[in-house]
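Okay, so subunit A shows up in both of these, paired with subunit B first and subunit C after.
Presenting the complex of A and B:
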């Protein structure tokens, strides 16, 4: 039952499976990966509106993680494509409002709007891929623990963990109810708004009751208000070194015009 | 060994909507007993079990566990002694991974990380789910969820083990495995089930509950062979005690169909 939602919608579960592999990327302390990803995202987003060339070198990061972490590229890209309409929606008005020609590519004038649209999409690709890679190499619970240990309030991280645990259960329950309704309604009867509202109401009540039962299950096992975990991963010297290296490279990519430099270098060689 | 005692005295329970699910239940279970609780759907089995660790408090009457009477104040202490496996494992498993879930109870008891680790592995090995320990609960099958729920409770090493429908959703092999497991658990155990063969095998004593009242209490061997008592309570003989031969009436009907008209 649970799997149906998983399969049909986002295949989120696959990320779980990937996160149980054992590679040098997986073995890093989750905190290292969370911080590195955050740095990466902040750097990518901080570029000016019309930047494209400066963003290209950042593709190197996901490529490395795909390789070292043994993550199937197509699987992650499919998910990125699936949500890309959102990003397209954000950027799509740029070409409409910003029609000033900016550059000419082989004789055709390209407006600033199109450039910034492309830039939005590129940033989206980079950040989304890096987040999915973080989940695929760390697991969602791993990330929550990392956030907790980095000082995020426990209330917040516990909520995230419960969301992760019960999202599937909840959506499945909703889908089962809709299916039950559809099987017993004919020619549009029973499909109207009134029925839908009562369906949502029932789902809400069931959820409340479930929450109460879960809370009691927690109390039954001695819960006193704080979630405890046994964790074995340690923050080692490699983690520190890696973080330093990532920060340095990100800084270099941000400040120096890498593509231009490589271009000039190749020109000089030929 | 008074600390493993379970005593109900005239316990009544009314749900907030007015349904009176228990109408004066009294019994006494002593250390090391294995007790089955049987009854039709809605008879009040789950409600009865929920009183044992204070999930619900009786509206009237008293529940005593060991030398403590169940009240809001003694509830945390009682919960350390009584481990309950709920009817729906999705309510029982709330942590992101199986390992974290089984570790939840022992960690709350204030144990050391190493000791917790040991408890978790032992409990998972006992129920045969050691390989599932890194999985999130939503990727387990129904039977696996059930087995892991049992592990979460035995990891806390309770004096009294209470289970609601432990054999539902289990395939024959897992069911057999669970029966053997329970037979080895030497503390007090209380099991509510519709699977009467399961009760017959695991429990020495049996309570029959009907409409919120205990209507029979005796050795499982006697109660589960009393056909008229069982039928009065919407139950029937355990399958293992029913005759395997096909009843006359069915044979007759079948024969008639064979005859060309």
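Presenting the complex of A and C:
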């Protein structure tokens, strides 16, 4: 249990470290990356249920970001595999309910359910990788800044920044509490709801006291309700050009059957 | 029960995202009007607290399995519904980005399912009325259990509705509902109990925190409930209208969103023209020539496969064979590009 706790904490830190690298992907305006990621996800998700071949070319986007952004592939893939299995859990029912044979691959009839399940898993891979790559190439404060500039209320983005700043502090505090509880619990005693309630209650009270101290400290340093950024990233011509290119390629991948064309072309050659 | 990008259609995803963004804007404005900027650090640090609290688990009596805190209702009681909603949205944003819980498009659905119901239905319509007269611990327990269960059931129902409307899953509506609701009833009972415990703990140690929440919004309950109900009805009608219209006409998702932007008829005309132009270009460059390809490979494979009961029309087996060839080639090409880019980078760095 504590292991899981440590691991999650570790992952937060790793992604934060990755986001501080300095590559051409990292240097882009965060707004560009947020918008491009959203466009990518919406396009991927817009394919009809039984689509597999049309989704494959989209792998080009994460592959390019992995390469250009110098992001370790296995680290991200491991995280994708570890995340919430909800999509797989729901998708696996497709083969159960949809048993109509649809395609034959070397003599074996494959039902529509398996095709749509594969499609769901492919979507899952593409969308999850793109989100993790977004945060690995854009710092969290950068994303908050982008959200602010894209019109999110300032109050929301300010407290999002606070959340991130104190996340590590409070997770460490929670980790200390769990460790202390586990060291005092034998044969599963003391892991029950009663102890949990007082742990969480204490953590909350400490949190409120901490918030008060932070507020006073910030007031004395001239806090007026808004967070300021020192580093200003500008939306340059390259950002605009890149966004346009991404949109054009996404549209082309969405509209044209690239895989089918390549396949037919190859068969014609042989 | 995080909704996932992979199960959403663009129409459902963007509708939920729009609803969530609207609620975030509404809550931010409300808070700006009513409270001072002290709330900003309090909310931020409380979000971090919820994160830490969700990582602490406990054993559920009698089952031996472990549970953890969801927290929407708890925050609504401790901070008030508007601040609680924003904190829930923030926590889910961090989870979506760092743990890929659900994804970016699904964030809208997740914040809606886990934030709106506890903060704007369960809290004002159930918890507040039940604990209005006196805040005895028995009343708090009942109110939080009923409140949390209601919030979670609505959330689970919402997940089912979004999944079914998106049409990526084959699960029938009722089957899915019967899977989700009982599980979330059990989770809700446990979480309601825990929530009551934490509220009681805070009330005993620092009663002024809870009192300040109740006093900071001195609006009479009736007005608030009415207002919330009206906002809700509006949002529900808009969302429901959009969704049902979408579900009934059921066009392709991307087309739907393009139609939304450009207007319906213009698009079909324009697209037709663009498509015909591009088609002729294709014919000329012969990258995407005619639909079928010459007999040998595909036809043989089709004959070998020889399965009569396939719903695949004649000639199509060839298409699927070429599709598989094409898939491997495209995958190979994508991987090659990846390796080349990586090698170039290495070289550049020296």
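As a convention for this text, the second predicted complex is superposed on the first by the 250 of 270 C-alpha atoms of A that agree within 3 Å, B and C clash if a C-alpha of one lies under 4 Å from a C-alpha of the other, contacts with A are read in each partner's own complex, and residues count from 1 in each chain.
Operating definition for what follows: contacts are C-beta pairs under 8 Å (C-beta built on N, C-alpha and C of every residue); 3 or more make two chains touch, one makes a residue touch a chain.
Computed from a predicted model, the values in this text were never measured in an experiment.
Overlay on subunit A: subunit B and subunit C fit together in the combined arrangement.
Judged by the touch definition given at the top, the superposed model places A:210 against both subunit B and subunit C. In the superposition on chain A, A:228 makes contact with subunit B only, while subunit C stays out of contact range. Between the C-alpha centres of subunit B and subunit C, as viewed from that of subunit A, the superposed structures give an angle of 110°, to the nearest 10.
In the superposed pair of complexes, A:141 makes contact with subunit B only, with no contact to subunit C.
Counting the residues of subunit A touched by each of subunit B and subunit C gives the higher count for C.
Between subunit B and subunit C, the smallest C-alpha to C-alpha distance in the superposed model amounts to 8 Å. Of the residues of subunit A, those at positions 140, 161-162, 164-166, 169, 210, 214, 218, 223-224 touch subunit B in one of the two structures and subunit C in the other.
Of all residues in subunit C, only 1-10, 13-14, 21, 24-25, 28-29, 31-32, 37-49, 51-53, 55-61, 66, 69, 78, 86-87, 89-91, 93-94, 96-105, 163, 167-172, 176, 190, 193-194, 197-198, 200-202, 205-206, 209, 252-254, 257, 287-289, 293-294, 297-298, 301, 304-307, 309-312, 317, 319-327, 329-331, 334-335, 337-342, 345 touch subunit A in the complex they form. If you check the complex, the residues on subunit A that touch subunit B are 2-3, 13, 16, 20, 140-141, 144, 161-162, 164-166, 168-169, 210, 213-214, 216-224, 227-230. Across the complex, subunit A is touched by residues 53, 55, 76, 79-80, 83-84, 86, 88, 90-92, 94-97, 99-100, 103-105, 107-109, 113, 116-117, 120, 134, 136-139, 152-153, 156 of subunit B.
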